[in-house]
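Chain lettering (A, B, C and D) follows the sequence in which the chains are written, and residue indices restart at 1 in each chain.
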Amino acid sequence: MTKLNVEQIRKDFPILKRQVEGKQLVYLDNAATSQKPKVVIDALTEYYEGYNANIHRGIHTLAEEATDAYESVRETVRAFIDAEHTHEIIFTSGTTEAINLVANSWGNANILPGDEIVLTAMEHHSNLIPWQRLATERSAKLVFIPITEDGQLDMAEAKKLITDKTKIVAVTQMSNVFGTINPVKELAQLAHARGAVILVDGAQGVPHVKTSVRDLDVDFLAFSMHKMLGPTGVGILYGKTELLNAMPPFQSGGHMITTVSREKASWAELPWKFEAGTRNIADVIASGKAIEYLSALGMENVREHEIEITKYALEKLSELGDITIFGPKDATLRGGVIAFNVDAIHAHDIGQICADAAIAVRAGHHCCQPLMRDLNVMGTARASFYIYNTKEEVDLLFEALKEADKVLGHVAVR
Amino acid sequence: MSLSDDLYRETILDHYHHPRNHGAIEHPTAQVEGVNPLCGDELTLYLNVKDNKIEDVKLTAKGCSINTASGSMMSELLLGKSIEEANEIVDLFKRMMLDKNEEVELPDELEDLEALRGVKKYPVRIKCALLPWNTMLEGLGNTLKSPTT
Amino acid sequence: MTKLNVEQIRKDFPILKRQVEGKQLVYLDNAATSQKPKVVIDALTEYYEGYNANIHRGIHTLAEEATDAYESVRETVRAFIDAEHTHEIIFTSGTTEAINLVANSWGNANILPGDEIVLTAMEHHSNLIPWQRLATERSAKLVFIPITEDGQLDMAEAKKLITDKTKIVAVTQMSNVFGTINPVKELAQLAHARGAVILVDGAQGVPHVKTSVRDLDVDFLAFSMHKMLGPTGVGILYGKTELLNAMPPFQSGGHMITTVSREKASWAELPWKFEAGTRNIADVIASGKAIEYLSALGMENVREHEIEITKYALEKLSELGDITIFGPKDATLRGGVIAFNVDAIHAHDIGQICADAAIAVRAGHHCCQPLMRDLNVMGTARASFYIYNTKEEVDLLFEALKEADKVLGHVAVR
Amino acid sequence: MSLSDDLYRETILDHYHHPRNHGAIEHPTAQVEGVNPLCGDELTLYLNVKDNKIEDVKLTAKGCSINTASGSMMSELLLGKSIEEANEIVDLFKRMMLDKNEEVELPDELEDLEALRGVKKYPVRIKCALLPWNTMLEGLGNTLKSPTT
C-alpha cells in the first residue's frame, strides 16, 4: 500500500457516497474535473455566510477580510509551484483563459510574420486553437513535435524543430489522452538555448505531479483549480516577472489601472494588471484550501498512489484481449489517465455501459481532434484516477468492459 | 432501469449486430453524407427514388450502436414508402425523440422504433439516434428537387 | 411599507447575522457586491456534494445532471431579461469580461479608422478602458455624452453626438455613482436610427430594475451575477442572434469548436462559440437560484422598496448640513446608490468611521476616475442599498456620519 | 478597539487638525511630489538641507487624516536631524508599519509615532501613513545627490 490513506481520504469527499440508480458511484473522470473535499466546499459557505465583500480598496471590515483571504491564496499558490514572487501568480477563470491571455498579450507583442510556434501533436484544443489564431493573424507558422508509437514526444525531432525561428514552445506537461509526462525541463532548455520562451499547459500535470517552475525553468505555466480539488471557475497563470511586466493587459476594466482619464489609462502593477473587474473571490479562497489539502497529503504521495493504481489498471485492463490502450506501457512514465478502445465498440457505447454500472468514464475526442486523427480513431474511452480511487474500482471498470465486450463486441467493422 | 436492459435491449442489439440495408447503391438518385461533429459519427445514405417511391435505400455508417440501429430501423421502415409517407414517418419519429412531455405515440407499424424511446434519457445521445433521419430528410429533399435523375 | 417583507428576507441571508467587533453588521456596499441568500449558497454545496462533473459530451450520469442544470440556467436568464432566444445568453466571468468580449470580437470586426464610439461621462472603467484600447488600436474616436448638474445624461447633446459616424453606443443602464437610471430605450433608438448598435452595461441596472432587452431593443447587455444575489465569477452577455453569429470567438479552447485540424478550427454554434474551456459550472447553477429568488420577489417590488429607502436616505442624510449628495434629487429617477461627501473629510476617513460602527460603505473613485475629475473630487463615500436594507440602517449611517463630522469635520481645506 | 478610540485617538486628531510645518518653502533644496494613485492622495514636500542637516521642512497635503497626521509627525521629528539620522528614523518607521510580527520597537523620542501603529489593522491605509515618509526618502536622496545647491 502507498502512503495515502485512501479510506480516510474518501471520507473527506461527500460525493463519493453518491448512489446512481442504486449503485455506488465509481468516479473515474478525474481528468475532466476532480471531486472536492469538504474543506473546499465549506470554505465557500464560510465566505458567503461570514465575510463576502468585494476586494481591494474596501475599507470596511468584510472587505479587509475578503481581500486578505483572497491575496493570501496567491502566496499559497506561489509556494505550491515554487515560484519566486507572489506577484507572478495571476488568477484567471481557467487554464483556457490563462493560455488565451498569453497568446493574446505576449503573442501580439512578440510574434512576427515568419516566426515559428512549436507545439506538440498531443495538445489539448485549449493549447492549440489560441496559437492557431495567433499564427493566422500574424502570419506565423505552427510546428508540431511528433509522437512516438507509445505516445511519447519524439525528442530527437524536437531538437531539430526548435530553431532560431522558434519564438515560443507551448507544450502540455501531461497528455490528457496518453497520460504521458513530457520532459518539460529539457524542452525549456532547448527553447531557451534558441532564445525562445516556453509555456507549459499544466492542466493535467500540476494536479498530479510535484511541479517547481524554478526547477523546470519554464516561463509560463497554466493550470485549472477544478482539476485539483478546487471549485470551478479558477485557473492560474504563472509567468516570470520580466515577461509579465513587459506584456500589455489582456482584459481591461476596474482594478487593473492606476490612473484613468477619458482618453487613456495606465496599468496597475503585477499581478493586478492582469486581473480586470471583480474577481471570482469565493472560488479563489476555496482554491487555497484545495492546495492546502494536496500539500498536506504530499504531492510525492499523490504521485506514488497514482503510479500504483495506474500500473494495476494497465495490467488488469490488458486481460481483456480486445482492448487497445494508448500511451506508454510503463506507469512511471505516465499519469493516471488511460485512454482505450475495446474491440470496435464505439467509445460512446463503452461510456454508456459503464454509466449503467454507475462508473463515470469519458468518451470522445477529449478535445484532441488532431491527435485522434493521427491515431486513426474516432474517439476513445478514458478512465482517469485521483487520490480517492481504489483498485476495487478498477476491478468494477474491468467487469463493465467485459460486459460491453459481450453485448456489443465482435462486430465486423462497417 | 439500466441501459443493458433498456437502451440496448433486444431490438437495438439485433439491428446493431445485423444492420439492415447495409451497403451502397451504385447509381443512386440521391447520396447524402451525415456527420455528427460532436462525436465524429459519420454516415452515407444512398437512395433510389422512382415515381415518388423509395425503391431502394442503403446505408454505410461509422458510429455507435444507437446510430447504427436507428439507421437500420429507418431503412427497413421507409423502403417502399412514398416520399410523403416517408416524410411523415421521419417527422413523427423526430417529434417523438424531441418532445419532452412524452405525448407522441407511434402507430403499430412503427412499433420497432419504441426501442429508441429509452435514448431520450440520455440527451447527449439523442443526436446519435437522429443522425440517420436528418440525413434522410436531406436525401428526400434532394430527390424532390431533381425527381427524374 | 412596500410589498417586500424585509424582515422575512433578512432571515434568508445568513451573513446579516454577522457581528463586527460586537456590533451588528450594516451592509451598505451592495453596488460593489450583494450578499447571497441561503438557497444560492446551498446550491453550491448541493452541486459539489451531489453531481459535480464536467459538462457537455459527458455520457455518465453526473455529467448529464450537471449539463442539464447548467444549460437550464440559460433559459432562466433568457426569461429574466426577456430575450428572444436561449442561445443569445452567454456565460462569462463577469460584466468586465462580457464587455471585453464585445469590444474585442465585435469591435475588431466592425470598427474602422475614423469611426466613433459614443460613451458617457459616467462610465465605469469596465465600460471605458476596453473602448479606449479598441479606439487606439483602430484609430477610432471616443465621444462622451456629457452630464447635467444633477448627474443625468444631457440628452440634447446625445442627439447631436450620435451621428452617422457612430458605430456603437456603450452606456451604463444605471450609474454606480449617481444612481441615475439612463434612458436606454431612447438611446437605442438614436443609435439604431444612425445604423449604430448599442451595448448596455447592466452591472448596476439589471439587479435593481426590471429589464427587457426586447422592450429596450438593445443589441448587447452585460451584467454580473455577484451584484444580484449570485456567486462571484459569473457574468452574462446577452447579444442579438445576428450580431453574435457574425462575430468571431473571443477566447478559444475546448468545447467551442466543431472540428479541429492542426492548422485550423471551425466554431461551434451559439452560445458555445463564446464559451471556451471548462466553465464556472457550480456558480452558473447557483446563479439560476439567485434569479429565481429575485423573480419570486418580483422586480417591481424590488424597485419599489429601493425607491422608498433611497427617498428616505436622501432626506435623512440631507439633515447633515455639511453633506454633498451627488446625482438626481428625485428617488424615482435613480437606483439605491448614494455617493456623498461630508464637509471636507476625506472619503477614506468617512469609510473608516462607518466601519468602526460596523457599517460597510465604500470610499474612493468607484472605478470612475474621469467622472471624479469632472466633479472635482478626489473620491466620495457611497452607500448602496438592496432588498434586505432597512430605514433603521439608514439611521445608523446617519449617526456615524454625524460622528465623523464631529471628529474630523470643519477643517480648513489645505 | 474601535478606531474612534484608537486610530483617531488624540495624537492623530491633534496633528490632523493642526498639522505642523504646513505650507511651502520658497527656495527649497529639494521639492518632491508624492501620490497614492489608489486613493488619489497627493502631497508636496519641501526640504531645506544645509551642511547635511534638515534646516527646514514643509508639507502641503491633500489626503486623509492618517496621511496628514503622519506627515505632520514626520516633519516634527525630522526637523533639525542630519540626513543619516533622518534616514534611520524613516527606516525604523517603515519597518514598524510593514513588519507583521510586531517586533519593531520605537525609542522614546519617537513615541508619538506609536499612535500610527493602530493603522496596521487596516492594510488599505498603511499606504496612506507611509506616503509622506516615502516622499521624504525621495527628497533626502535628491538632496544627497546635490548637497550644496
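Simple rule for what comes next: a contact is a pair of C-beta atoms (placed from the backbone, for glycine too) under 8 Å apart; a residue touches a chain by one contact, two chains touch by 3 or more.
These numbers were taken from a predicted model, which means no experiment stands behind them.
**Q** Could you pull out the chain whose C-alpha mean position is farthest off from that of chain D?
**A** Farthest from chain D by mean C-alpha position: B.
**Q** Does A-B or A-D have the larger number of C-beta pairs in contact?
**A** When A-D is set beside A-B, the one with more contacts is A-B.
**Q** So, what's the distance in Å between the C-alpha centres of chain B and chain A?
**A** The computed centroid separation for chain A versus chain B comes out at 39 Å.
**Q** Centroid of chain A to centroid of chain C, CA atoms only: how many Å?
**A** Computed value for the inter-centroid distance: 32 Å.
**Q** Need the CA-centroid distance for the pair chain A / chain D, whole Å please.
**A** About 48 Å separates the centre of chain A from that of chain D.
**Q** Chain B to chain D: how many Å between their CA centres?
**A** The separation of the two C-alpha centroids amounts to 82 Å.
**Q** Enumerate the residues of chain A that touch no fewer than two other chains.
**A** Chain A, residues with two or more chain partners: 21, 57-59, 259, 348, 352, 355, 364.
**Q** Where in chain D do residues touch at least two different other chains?
**A** 38-39, 122, 124-125
**Q** Would you tell me which residues of chain C are touching chain A in their complex?
**A** Touching chain A: residues 14-15, 18, 20-21, 25, 27, 29, 32-33, 35-36, 40-41, 44-45, 48-54, 57-63, 93-97, 99-100, 121, 124-130, 132-133, 136, 142, 144, 224, 226, 231-234, 251-255, 257, 259-265, 276-283, 348, 351-352, 354-355, 358-364, 367, 369-370, 373 of chain C.
**Q** Using the touch rule from the top, collect the residues of chain D that touch chain A in their complex.
**A** The touching residues are 37-39, 122-125.
**Q** Under the touch definition given earlier, write down the residues of chain A that touch chain B in their complex.
**A** Result: residues 21, 346-349, 352-353, 355-356, 364-365, 372, 378-379, 403, 407-408, 411, 414 of chain A touch chain B.
**Q** Under the touch definition given earlier, write down the residues of chain D that touch chain C in their complex.
**A** 2-4, 7-8, 13, 16-17, 19, 22, 38-41, 60-68, 122, 124-125, 128
**Q** Name, in rising order, each residue of chain A that touches chain D in their complex.
**A** 57-59, 64, 67-68, 258-259
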